[in-house]
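You will see chain A twice below: alongside chain B first, and alongside chain C after that.
On to the complex of A and B.
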């Protein structure tokens, strides 16, 4: 069979489009903003279990950095990133704080029972108003904060393995 | 128990698929009648998939939370209607629905095409079974709707409240009927190519399937648009959202195909082009599914982003494209085009096709270009409405004029082109009216005048043509509907007004000609959400309108949705949307006046009715 030129042409174009589609599957959908010099206000937030209010600064003793992870039991991507949070939590000399966002207490507890609790402290943002102070867009989002409450890193969307390695490097 | 039934019926259906593939290869060319085994297997497969779907439906109805899909997407406090629609409101269930429609359509095909060439029928079944097998493998291995959770949870996670809307509950099934209809068009075209059966008989059968898909796709797109308008409260009905575009692309292709099949049916012309359109329609539907389901396109329709699923659909898509390209280039003969004159129905239809391909191209580029850019240069951009509006709207002007002239031309060669007195009067009349409308706007008077007069001219011509007995009723209805649709959309975008203000309870504010008052707010607990109803008065020229927009605070999952308060009349919609401002007593209140909204929906329905009339005539 004589292979037609037009066939090869159409075939190549299609192959190119499909290749791009394939590559785009692995494009990182999470987004790390480049410039962040924002300082978070020292606000008070409710502690998850006791219901007492805590000032954000009280959480930091002598750690260089703390991690704040905004999550919810109804958020499916949060389930995805949970394993990476657990891996990160194995590093000892820093605090990981979970900020439970617009969630039912029972559902959140069930979520942690099911998947494990990587957090040292859990805070509760019942109506979604506290997350605004962090400049959060939704769940999940993860912030690395220094002792002066400056945001050092910010991850929008679920964390992945690459993020985990990066965070581990920063904390060690 | 339910999970087992559902799962095993799927596996049995897959086995039937393999049997069918084998039988159709074995019996190709051998029998004079359709092999009994094929007929039985196809019926059996449909029944099995039906059982599997009903099982899932039943699991949702009785809230069987041992099923992962039910657990993730349902809740006991959810009203029955949304429990049922929850079945296809998620990834797994929607694929199962897709599969169900695929298998039902091929059964219908087998029982309705007894008069057609036997080898063509068997090959169509073969190609359709390839698609069904692909879907079955996809569902069973990557998106199984019957996964168990042990231990069984007592409560589910709930359906995304934004999806709890009547229009949206029926939007996916209708749209799927349209998408899946294109699979038959695809299989039938490949089969016709291989059997060299691209004749008039085939064209009239293809036309039925094209019409079915087209009707459902039109209605499906309209329902999605209604949902966006009423539920999302963004004050518009079309946003050029990637997922909307993905449904619009096969629509352009189908519309072109619909007109093309007439040429093939009447004049045995444009064979290759018909085949190309038929194949592209399905490939576009599948690519759309891939882009949406793999999470590559981000939009209001956020589904899980799972690369594994994406790879599967991509491989499947590659196989389908490869098969269709190879078959097309191997079997398609160079066609001797019968000569047509410039002023003939064929030419008008070819021009219609050019326009459709242009519109398709614009939408295609706008939708997938950002993906290409991101992969190649790592740059993220989003293509918004201005791009689409600027590239599509100017081209509507010649398109509408040709649409007004085209249908009355004769086949082959138009004998006399009589510019009748009435036509010229109508043209002048449309330009005059348009100018009167457009001169209220300081900018772009000429552009608006041209645009409106093109649409008005088509409308006038379609109305005068209603009496013309030479034309088909379906075409007259659809073309009239299309002209009303375009006029409504244009006037809607020109005359929409909007004011927005933040108010506390008891406050009021004057904005241009409107006085907005926030009278009252009340709280109520309803099944699965808390409703906050505000009472807003809008006073315009001593005319007082009362609105009760609503905020719904859903418990599971905790989400706030805003329900617009809409007063609809034939010529204008007035609506008020409120939004919650965090940490304050203020509500953001937006009042909008949207003319001709109802006409947009009605004309879209009328468009589909035109298709329905055509379908009925073709089945006689």
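On to the complex of A and C.
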């Protein structure tokens, strides 16, 4: 029996499409872009208490890395990760910066009073535009940044014990 | 007196109309750009359609960048550098997206050839 070339071709195309669908069933659905620019521009961000604008580079002195944690008082997962942030903040020789995201100042202050303040510096992102420079999707997100403002690690969502251990290893 | 009030109201009306058209023109540019951007944390919505915190922040940023004199391409390129090509609905042609762009064309040509073969060549 002579099998037509077109039938074989249709079969191969269908098999290829089904293979892609089947493969994607088992893939992680959370989207993390691979082809991104990991360098952050030296932008100015408002300091939480004084309201003065600070350039990002001004925050880095001799530290090899700094941590930037995006948080908000209205964010429930931020409460979950706060303990891990406090544990990490016990390590010296690095700076932990909190970027308060779309929050009311008094609520943010209450949040820190209640749970403790692990941050060396707190910045404010009133309208969420500064977080876009970090490539953030929302809160909470944590970035480890080197002295040249390159993102070394990025944690989307609340930090956990595993992340804490990984960060501690990197910073020590 | 009534005439004066009428003139004042007319003046206010035209002033309002002019200022509204300026605001609308500005917003329409933001709308136009945000319609071409995918809301990355929403299901099947554009940045324009979505009211999520992420989408609202992107819209504010587009507005700020337009005010600062950035072009439409500058804004797309900036967002692509932060979130990858996925943020734009129409990805540029490169080695990663070549199959995506060529597949429909390829299938169209193949389908056309099958029809031509079926209708004309098989008859003869």
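By definition in this document, the second predicted complex is superposed on the first by the 135 of 172 C-alpha atoms of A that agree within 3 Å, B and C clash if a C-alpha of one lies under 4 Å from a C-alpha of the other, contacts with A are read in each partner's own complex, and residues count from 1 in each chain.
By our rule, a contact is a pair of C-beta atoms (placed from the backbone, for glycine too) under 8 Å apart; a residue touches a chain by one contact, two chains touch by 3 or more.
These numbers come from a predicted model, not from an experiment.
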Contacts of A:9 with chain B and chain C, given as first, second, both or neither: second
Residue contacts with chain A in the superposition, chain B compared against chain C: B
Chain B versus chain C as contact partner of A:104, first or second or both or neither: first
Which of chain B and chain C A:22 touches, first, second, both or neither: first
Which of chain B and chain C A:133 touches, first, second, both or neither: second
Chain B/chain C common contact set on chain A: 6, 102, 127-129, 132
Chain B contact footprint on chain A (complex, rising order): 1, 4, 6-7, 10-11, 14, 17-18, 20-27, 29, 72-77, 102-104, 107, 110, 127-129, 132
In the complex, chain A residues that touch chain C: 6, 9, 13, 31, 33-37, 102, 127-129, 131-135, 137-138
In the complex with chain A, residue positions of chain B that touch it: 72, 153, 157-158, 287, 290-291, 294-296, 298, 304-305, 307, 310-311, 314, 317-318, 321, 325, 329-330, 368, 371-372, 374-376, 555-559, 582-583
Of all residues in chain C, those that touch chain A in their complex: 40-41, 53-54, 56-58, 60-61, 64, 79, 81-86, 96, 107, 110, 114, 117
